[in-house]
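Letters are used for the chains, namely A, B, C and D, taken in the order the chains are written, and counting of residues starts over at 1 for each.
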Amino acid sequence: MGKLATLAEAVESIPPGAHVALSGFAITRCNMAFAREVIRQGLRGLTISQCVGGMDADLLVGAGVVKRMIYGGGSLDRFGRLNNVNRGIESGTLIAEEYSSLSVAFRYLAGALGLPFIPIRSLRGSDILTRLQQMAPENVGVVQDPFTGEQWLALRPLVPDVAVVQVQVADEEGNAWIYGPRWDNEEQVKASQRVIVITEQLVPTEIIRRDPERTVIPGFKVSHVVHLPFSAHPTSVYRVYDYDAEHIREYAAATRTTEGFQTYLEKYVFSVQDHWEYLELIGGMKHLASLMADPILGY
Amino acid sequence: MGKLATLAEAVESIPPGAHVALSGFAITRCNMAFAREVIRQGLRGLTISQCVGGMDADLLVGAGVVKRMIYGGGSLDRFGRLNNVNRGIESGTLIAEEYSSLSVAFRYLAGALGLPFIPIRSLRGSDILTRLQQMAPENVGVVQDPFTGEQWLALRPLVPDVAVVQVQVADEEGNAWIYGPRWDNEEQVKASQRVIVITEQLVPTEIIRRDPERTVIPGFKVSHVVHLPFSAHPTSVYRVYDYDAEHIREYAAATRTTEGFQTYLEKYVFSVQDHWEYLELIGGMKHLASLMADPILGY
Amino acid sequence: MYAEDYTPFELMAVAGARELKDGEIVAVGIGLPVVASFLAKRTHAPRLTILFELGVVDPEPIHTGVGLADPRVWYRATVMSSFVDMLGMVLHRGLVDVGFLGGLETDAYGNLNTTLLGDPWGQFTHFVGSGGANDIASSAKRTVIIIRHEARKLKEAVSFITSPGYLRGGDTREAAGLRGGPVRVITDKAIFGFDPQTRWMRLESIHPHTTLEDVLANMSFHPLVPDHLPVTEPPTVEQVRLIREEIDPERLYAG
Amino acid sequence: MYAEDYTPFELMAVAGARELKDGEIVAVGIGLPVVASFLAKRTHAPRLTILFELGVVDPEPIHTGVGLADPRVWYRATVMSSFVDMLGMVLHRGLVDVGFLGGLETDAYGNLNTTLLGDPWGQFTHFVGSGGANDIASSAKRTVIIIRHEARKLKEAVSFITSPGYLRGGDTREAAGLRGGPVRVITDKAIFGFDPQTRWMRLESIHPHTTLEDVLANMSFHPLVPDHLPVTEPPTVEQVRLIREEIDPERLYAG
C-alpha cells in the first residue's frame, strides 16, 4: 500500500529493457547502491540516461546491464575516465547516444513540459550531430522558426520509464528535497513516467510542509521511497558525506582492464548480499564516520 | 556604482514605452508602491505583462500609463474585477493581448531559454486564439512537429525590457529569494533584459550564501535594488504581511466608475510625495502592525 | 446516512467530490471546486493530489481564502513552485486527471466563457478572462463544469469560447488537437453528461425537490433527456458536517 | 611589478584572467579556467560572475576540488540551481560573455575535440565527450581555448569536432547558425588569435624564454605570423602570490 520499500523491491519494479534516468553527476549523488543491486538481480538490456555520465553509469555498463546510454559526456573528475563506458563504445557493445549537457537537459525539459520537440542552438556544425544523425536519426530533426523562417535543430523529448534519484531528504510519500546544485534532476524527474527516490534521511511530511519551496520531487510522481543511508558511496552527497577518494581511486585503477573490473565487481557487488554488508565490507561505521560532512562546509 | 537605489531612481531608469513585466498575481506581491511612483512620475506608453493580471496592473491602466497589456486574465479575487483594465478593453483605450496563464508563462520561458518559439497545446479551438490572430498575429504561428508531422501552435518568446519583482529577501547585488509560490516570476526574471528588485528585507550576501538553493533572482540580472518595506500594500507579501481587505474593498468600489477611480488616485497617489507619506496616510505603523503576518501561518 | 438538511451549494460540492477517484490529480480554482476536492480527500480519496495553478500542491488550509492569491489557501502545502511546474510539468505533460471549471456561460457542447459578454468585435462587457482555465480545458484528461442553473448561463451559443469543450460537437475537439474534454456539468438543479457521438449535453440526474420542467425551463438549449432519469444522490450527513465544520466554516465559498 | 619566478601554468592562468573584463559573465570548467576566473575576480574584475554548468554561481571555495562534482568548489555560492538555469537561461539565452574551453586537440580554426582520437567510424579511443563544452562553444559571445603546446594537440585536422570553432573558416560558423567563436588560444608557449577573414589561427605573442622556432616546431599546422611579434606580458608578483597562496594553495589545478 505505502511507498516505502526496500532497495531490492524498488529494483524489482524495473522490467528488463526499461529506460532508467540516473541522478548522478560524475562522482556526486550517484545511484551506487542501486547500481549494485541492479547488477546482483541480473537486470539486463537497460537504456540509461543522464546529462553527465557518472560512476553509477560506468558500473552498470561494466556489468553488462546497459544496452544504450543517452548522455552528454562524463568522467570521474580528476580520478579518471568512465573506462567501462569508453570500452563499451570503442568495442561497440554499448550503443552510446552522445550529446552535450544542455541538449540532454533540453530533451528532459521537453519531456517534462509535454512539448512535441524542443529547438536548440547547440550541436550544430559538430561531429556530435553528424554521429547522432547516423545513430539516432529518430531523435534529431529540423524545424523552421515560424517567426523568422530560420532553420533550427530540434530534439525529441526524453521520457524515461523511471527516474532513480538520490536525495538528502524525503518523506514517505516521496516528496523530496535536494541540497546543492540539482543539475538535471528536476527535469529528469518531471519527464519520467515515475520516480524511485533513494533518500539519506526520511522525515515526516510535517517537515516537508514547513519548507515547501524546497520540494523538487513531488510525491505524486513517486512509486517507491527507499530509505538507505550512504547509498551513494563512494560518491558524495552534499551536506551528508564526502566522496571516498581512496575507493574511487581503486575503482579507476581497477577499471583500466576488463579483468580488473571483474575483480572489483566480485569484491564489492557479488560478494555481499545487500547494502548493509557492503557498508561493513568497506570499513563500517568507523570508515563512514571519516566521510561525514562538516555541517558548514557541506563536505 | 552600487545597485541600491530609491524607488524614484529605479522608476527613472525606465524609459517611456518600455515593456515592464510585473510580479503580482491578483492581490499578492503586486508592485503597488512602484505603480504609484510610476504614475507620479508621469511615465507613459508602457507595455506591461504578467500571467495573471493584478491590482498593480489595474492601477497603472486606470492612470493611463499603459498602452498594451499582455496577460492571461485577472481579477482582485473575491474583491472584484480589474475594473480599469476591463474598461480600457471595452473602450478600446487599452490594447489587450489576452492569453491563458500557461501561454504567457511559456512565452516567458521561451524568452528565458533563448528559444526561437515554443509549441503549446493551449488556446487551440478557442476565441482567445481567434482574437490573438487578429490583434497580435506576429506572436502566434504554426509549426510542424518534425517527428510526427503534426501541426502545433507556436508562441513567440516574450522578452520584457525590465522585470519589476516584489520579493521578501534580497542582498545589495540583487540576489533574491521569494517565499511561497513563485507563479511566473522566475521565468519573467530570466526572460527580461534586466530586473528591478523591490525587497521587504535587505540582507548581507552572507545570508544568501547560506541557502543558495533559494536564490530565484541572480544578482547579475539586476540593475536596481530598492529596499522598501510594505511596498506591496494593500496586497499581501507571504510571510511578511497580509492583504489589507478594507483598502482593497475601497479600491474595488472606487474603480466601478472613472470618477471614483480619479478620487482614489488623487487621495492615495497624487496627494503624497512618496511611499513613506503613503504609509502614514493609510494609518501608519499602528495600521500596518495589524497586517503583519503570523510567522507560522505566513499571513 | 443521507442528510435531510443541505443547501444546493452543498449538494453540488458533494457531486463534484464524487467525480474524483482516489490517487488522481485534480487542478482546481477557488470556491466550490476547492470544497469538492477537500471533501473527496477527507472521505473516499485520501491520496488525491490537489494543484493550484500558481504553484501550490496539497495545502491544508485552516482559514478560508478569498482566492488563489490568498496565502490562507497555501497553508501547509507540500510543494510551492510555479505556473511552469503546475500547468507545464503536470498539466501540459498530461498528468492532470480532472480539472474543475466554472464560467459566465456554457453551451450544449460544454464550451465555456469567462471572458466577455456581448459582441467580441463590437460592444461587450469584459470579465475575468482565462487564467489557467483554458489550459486545463485543453490538457486535462477530463473536466467537470460547475455552473448555476440559469437560462442566461446555459446558452445556445456563448459570446466567446475561453475554454473549449467539444467545440462544434462530433470530433471537432479532437480535430483541433485537444485532449480530454468535459465529462460532467453540475448545476444547482441537475447533473449532465455528454452524448458520446454528438457531444451534445445530456441530462444524467435531477436533484431532489426539482422537476424536469424546472430544469428545462431554465436552460436556453434543449439537452438530451434519457427515458429513465434518476434523482441525484443527496449528500450524506458526514459530508455536510465536513463542509460546514471543517472545510468552509466561514461559509465563504458557499456564498 | 612583474614576477621573476613563475610556472608556465601560472602564466597561462594570468593570460586567461586578462581576457575577462569587469562585469562580464564567464562559464568555466575546473582547472586552469577556474584559477584564471578567480584571479580576475580578485584583481581587476570584482564584478565578474562565474558560472559552473551544473548550477553554481560565484562560489568562494576555501579548498581545492577534484572537479565540478566536488562540493568543495560549490562552497559559498550565491545560487545553486541547474543545467537548465545555467546552460539554458544564461548561456543559451545569450548572456555568457566568455567561455573557457580545453581539449584533446584543436585545429587552426579553433575546432575542439574532447570526444575521441582515431577514426569515429572505425578504431578509436573514447575520452570524456562534451559536457557543457559544445553548448558553450555554440552560444557564448566569445570563447578562450586553453591547451598544451604540443604537435599532437595543435593539429591540421581534429579526429572529431566536439565543440565548433570556425568550422572550415570564413563564414562557415555563422552559416551553421552559431554565435561568437574562439577569440584566443592560450598555450604554454604562445597566445594566438584568429584572422578576421579566414579565421585561421594567428600568433599574437610568444611567452618569455620561448622562441618562434620552438612555437612553430611544436604545432602540426602553420599559424599566421605577424611581422611584429610581441612577448607575452608576464604575471605580476601579486598575481603569482594570489594563485599560490589563495586560489590553488594545494597545487591541484596547477598539476
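In the analysis below, a residue touches a chain if its C-beta (ideal position, glycine included) is under 8 Å from a C-beta of that chain, and two chains touch if they have at least 3 such contacts.
Everything numeric in this text was worked out from a predicted model, so none of it was measured.
Colleague: Find the chain most remote from chain D, comparing centres computed as mean CA coordinates.
Modeller: C
Colleague: More contacting C-beta pairs: A-C or B-C?
Modeller: If we tally the C-beta pairs in contact for B-C and A-C, the bigger total goes to B-C.
Colleague: Using mean CA coordinates as chain centres, what's the chain C-chain D distance in Å?
Modeller: Between these chains, centre-to-centre, one finds 57 Å.
Colleague: How many Å are there between the centre of chain B and the centre of chain C, using C-alpha atoms for each centre?
Modeller: Whole-Å distance between the two chain centres: 28.
Colleague: Taking each chain's centre as the mean position of its Cα atoms, how many Å separate chain B from chain D?
Modeller: Chain centroid spacing, chain B to chain D, equals 40 Å.
Colleague: Of all the residues in chain C, which ones touch at least 2 other chains?
Modeller: Counting only residues that touch two or more other chains, chain C contributes 77, 80-81, 84, 88, 92, 139.
Colleague: Return the residues of chain B touching two or more other chains; collapse runs of consecutive numbers into ranges.
Modeller: 114-115, 121, 150, 152, 180, 182, 213
Colleague: Can you name every pair of chains that touch?
Modeller: Touching chain pairs, listed by label, are A-B, A-C, A-D, B-C, B-D.
Colleague: Which residues of chain C touch chain B in the complex?
Modeller: Checking each residue of chain C against chain B gives 30, 52-56, 63, 65-72, 74-75, 77, 80-84, 87-88, 91-92, 114-115, 120, 123-135, 138-139, 160-164, 167, 172-173, 176-179, 252.
Colleague: Note which residues of chain D are touching chain B in the complex, please.
Modeller: Spelled out, the residues of chain D in touch with chain B are 25, 49, 57, 60, 76-81, 84-85, 88-89, 92-95, 139.
Colleague: Help me check something: in the complex, which residues belonging to chain A touch chain D?
Modeller: It comes out as residues 25-28, 51-54, 71-75, 77-79, 81, 85-86, 89-90, 98-103, 105-106, 109, 120-128, 131, 150-152, 180-187, 235-236, 238, 242-243, 245, 293, 297-299.
Colleague: Spell out the part of chain A that touches chain B in their complex, as residue ranges.
Modeller: Against chain B, chain A makes touches at 114-119, 121, 138, 141-148, 150, 152, 154, 156, 178-180, 182, 213-214.
Colleague: Could you please specify the touching residues of chain A with respect to chain C in the complex?
Modeller: Residue positions touching the partner: 111-115, 173, 175, 190, 205, 208-209, 212-213, 215, 218-220.
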